[in-house]
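In the two complexes below, subunit A is the common chain; its partner is subunit B in one and subunit C in the other.
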Partner chain A sequence: MATFIDGFLWYFALAVFVIGVSGNLVTIILASRKVDLSVPRDSAFSGALRTLFSRFLPDQHMLSRIGIQVVAGYMFHLGLFILLFFAAPHVAFLEENILGFGWTAAPHWLFIVASQFAFLGIIMLWLYRMTNSVSRLISKLDDHVATILTFLVMLSGCLALLESFETLRLLHRFLVELLLIYFPFSRLMHAFTFVPSRLFTGAWFGRRGVDS
Partner chain B sequence: MLKQNMVSPVGDILKFLSILMLLVITVISQPTFAAVEGEPEGVIMKNPGADLWREVRQRNIAIEGISQIKSVDSGILINPEADRWTRFRVDQLVNYAAIILAGLALLLLVFYLLRGKIKVEGGLSRQMLHRFSDYERVLHWTLAIVFLFLAITGLTLLLGRTFLIPLFGQEFFSLLASSSKEGHNLFGPIFFASLIMMILRFVKRNIYEKGDLTWLVKGGGIIGKSHVSGGFFNMGEKTWYWIVILIGLLISVSGLILVSPNFGQGRVIMELSHIVHVISAIILIAVSFGHMYLGSVGTEGALESMKTGYVDVNWAESHHDRWAKECRDNNRVISADKFNRLQGKINSGTEESGSVAVEGNK
Partner chain C sequence: MSERLERGLSKLRSQIDPKVKSFFSSCVHCGICAESCLFFTETRDPRYTPIYKTEPLRKVWQQEYTFWGKLASKLGIAAPIAEQDLADWEELVYDGCSMCGRCSMVCPMGIDIAQIIFKVKTGLSAAGFSPPDLAETTQRAVDIGSPMGVKLPALQAQIGHIEEEINLKIPVDVEGSEYMALLSSMEIMYFPEYISALAKIFHQAGVSWTLCSDAFEATNSGLQIGNTEVAGVLVERIVAGAEKLKVKNVISPECGHAYTAIRWEGPNFIGRPYSFKVVHILELLDELLQSGRLKTTGKESSRLTFHDPCSIVRRGGVETQPRHILNAIAENAVEMTEHGAMNWCCGGGGGVSGNERAEPLKLKVFNRKKSQLEELDVETIVTSCSNCRLVIEDGLEANDMEINIVGLTEMLADHLVVDNSQ
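Entry: the complex of A and B
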């Protein structure tokens, strides 16, 4: 089982992830669009850049209604980012198995705090999805599967923190591989598509002189 | 070398010499030990190290010695208090915790079989009142999920050695205990954070007021059939709230002391924190059984408030009549149709007017 998880399944999952994500992005970028013949009122480029960053801030008029999503969303995403790229075992793994170089890992206390933020964030986001009637209606099975799978990956990783049990490490790695395989076919793709999406919308508005 | 603070230098020298002598005896006795291996069975050999360690321990209190390591309790080689703590944990905490929790679960089962589900007086009205916002329900369920996770992992750590090893074996239990410990330590501060959010959001509505005592005297309507008056939260709910907050804070503070042993707290404080942590947690888990029972199978219509945010008007009249009257006075009653539309449970033109859809979305 260990040979399968550390060997074939790992390479298969990685291939599905890389090919799937690349394929999705290429398809989006190369998708045919109508040529805009109107006279531009402003720069599409500056509009694209502005929107890419301005959407990190919530709309002031909506803030009172979307407070939970904004706060919990930032807690989860920032926490997950630190876990993913700055947890000492992850840095070592990336260096040894994929990149060939590493960087300074986060101290243990930061890893713990980041994971606590990420857990609280993902639990609150999922509960909001379930309790708010509009969010519940627009949610598909994919959203729940993606949330639960991400939660299980995080949880199994944290439970294996002592690195004393091979079974826990294998469980974590197996769940990561499932997530990698599922990723390109789910809304988890937003981790990559949010950039071209914002750029496209921003350029479209920018060209028409709309401050978005 | 151990050094007792209260004795004279002569005492120190004598103690040193006696320990040295014991060490010499221990070393010398090794060949003898080897020589008796060939002796017939039944010859009882005294453990050569026993006297040495008895001398090191000296008496029934912790003795501070000198150590190169400068930290709290680093000069104490043997802490007899820890033995008492271990015995208390193994002989009393584990047994009583298991008896209390199992007994209470059984009691609730018997109560349910005898009393059944408490029905809403006059049945459900098909008119609804908004009771909890999305944020309030998210808070409630966040605390509930984290609490359940901590209860399961905590009970695994407390009772697992006694109850799980015979079932799953030592190897699997060691894996389970290790992951439970990591998970418990990780989720503890999340419980604390959820508790703080719970205090900020609900404290105002949980301050005791006039009329709450009447609710208590009448047993909240569970005992007997008489109607009991209540506001937004009745006396029972307020008491549950304060139990969660106060005992939850006690659990959180004692847990933080346990999970962060690098703030100068010694072994005795850690042992006391552990006892406070476990006893408080057992009380909270035990009382939460009652909350879970009354909030789900025990009372008709209660779970709806935390599922949809809305409750039936007759349910509100039964358990929170003062709040229901306030809602009626302010025209906050909505029809079943409107409730269903708000919940997205109606396909336009196909619904049966006046009935509340109880199933999930189409």
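Entry: the complex of A and C
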């Protein structure tokens, strides 16, 4: 089983992830689009760039009404980013198996803080999704599957690191592989597609001279 | 599958482009858009969540363009989109959305939700699921040239009255003019003072302008109902009029959706660029003021505020110009807390005001504007869209609010330096 998880399934999952994600992005970015025939008032390019970054911050007047989503969203994503790219085992794994170079890993205390942020964030987001009338109405099965899968990957990863137990390591890796296979066909794609979405909309507003 | 369902689905399929794919695949269903929509904030009904209004198109995308959707359809475990699905969304997108585009400004993923809602409208309209009132006005616009049935003799009669009143000639069909002005039916019938304001302003500034007897109507019911073919036909009439008169510029009136139709979407509706430039009346007035061709005198002293029409400001980019103009003629202008590109809609855009069955909902969501106005305690509201003006008038009346409402162009005309030598 260990050979299968560390060997074939890993390469298969990686291939599905890379081919699936790039295929999706190519379809979005390179497919022909209608040319807008109206005369622009301002630059689509600068509008696209502006919106790419401006949407990291919520509208200040709405903050009191969307505080939970914003705070929990930032906690989860920042925590996950640190876990993914700065947890010591991940840095070592990326260096040895994929990139050939590494970087300084986060100290243990930061790992603990980041994981607490990530767990608290994802739990808050999921509870909000289940209890808020709007989120409940618009959420799909995919949203729940993606949340649960991500949660299990995080949980197994933290346990594996803290307990240094081989079975937990294998379970974590197996769940990561499931996530990689599921990723291109799911809502998880937002990790990449938010970029073209913001660029498209920013360009649209930019050529009309609207600061979005 | 019924023929109307097939028409609707076929239209929806044709709307799925790379943008739509990107938008749907990046939506995480966070629901933030709900808090930006006055139809949600004033009713707390989750069905009015902007992204929920795009469900028919999302379903088509999901079932026909995604792995899981295609698999589920192949295995027969996905319920195919039914006629009822389209029928159920008619009220949401036509009555419960003013196409104000506020949702598109706040989506953290950058999804232009308003643009997708318009695409849903095209599908529903193709399937015949649109409000009867809008369908009728659209047909009238195609047959008569005006959604309100305003024909040339009605305009000529108004022109006659105005010329007599202001003692200035209103030029019609003058070939080679620099500008061809467009009007909305509402301006002709309810706010003819807009036409007299144009005449006074252009007279003082020495602008060469004309109206066109074949193409004076700027409103575009095709855009409101989501019928791009009709929208194209209506734009073509304006283009033909402008080309016949060989004008260099066409002036969009103070009507929000008319500006969107002629300035931004028109060339795409007809599939070719124009041979003339399109300017919004406020852009031109600002330019005339800045260049010193217009001279004003005195300032309004009452406490007033400017209501930003969504299609002109948020979706059209004409935000600084009305403020420049207002600052030149008013000394006590105050801004609403959320203004400019983030202003709240009056509630009547996107065809809502022309849809009688949406009247109670329109008045309910006006509460948002009411709160904004109460917060400011103003005596006057200035705006630059005849539709907003009518909707706000209705809202003020329904709420027993004593606030004047005026058009910005007329207010400017009232402050022109009078040339006694004329």
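Here is the rule we go by: the second predicted complex is superposed on the first by the 210 of 212 C-alpha atoms of A that agree within 3 Å, B and C clash if a C-alpha of one lies under 4 Å from a C-alpha of the other, contacts with A are read in each partner's own complex, and residues count from 1 in each chain.
Throughout what follows, a contact is a pair of C-beta atoms (placed from the backbone, for glycine too) under 8 Å apart; a residue touches a chain by one contact, two chains touch by 3 or more.
Remember, it's a predicted structure, so these values are computed and weren't measured experimentally.
In this overlay on subunit A, subunit B fits alongside subunit C without clashing.
By the touch criterion stated above, A:144 is placed in contact with neither subunit B nor subunit C. When the two complexes are overlaid on their common chain A, residue A:73 makes contact with subunit C while staying clear of subunit B.
With both structures placed on the common chain, the touch criterion links A:133 to subunit B and to subunit C.
Contact with subunit C, but none with subunit B, is seen for A:209 once the two complexes are overlaid on the shared chain.
In the superposition on chain A, no contact is made by A:108 with either subunit B or subunit C. Of the two partner chains, subunit B is the only one that A:165 touches; subunit C does not reach it. Of the two partners, subunit B and subunit C, it is C that touches more residues of subunit A.
Taking every C-alpha atom of subunit B against every C-alpha atom of subunit C, the smallest gap after superposition is 5 Å. In the superposition on chain A, the residues of subunit A contacting both subunit B and subunit C are 132-134, 136-137. Interface residues of subunit C, counted against subunit A in their complex, comprise 17-19, 21-23, 25-32, 34-36, 40, 46-47, 49, 51-52, 66-68, 104-112, 115, 263-268, 271-274, 277-278, 313-317, 319, 337-338, 341-342. Those residues of subunit B that touch subunit A in the shared complex are 134-135, 137-138, 141-142, 145-146, 174-175, 178-179, 182-183, 186-187, 189-190, 193-194, 308-309, 342-344, 361. Note for the complex: subunit A touches subunit C at residues 24, 27-29, 31, 33-34, 36-39, 41-42, 51-52, 55-56, 58-59, 61-62, 65-66, 69, 73, 129, 132-140, 142-143, 185-187, 189-190, 193-194, 196-202, 204, 208-212. Across the complex, subunit A meets subunit B through its residues 67-68, 112, 115-116, 119-120, 123-124, 127-128, 131-134, 136-137, 155, 158-162, 164-165, 167-168.
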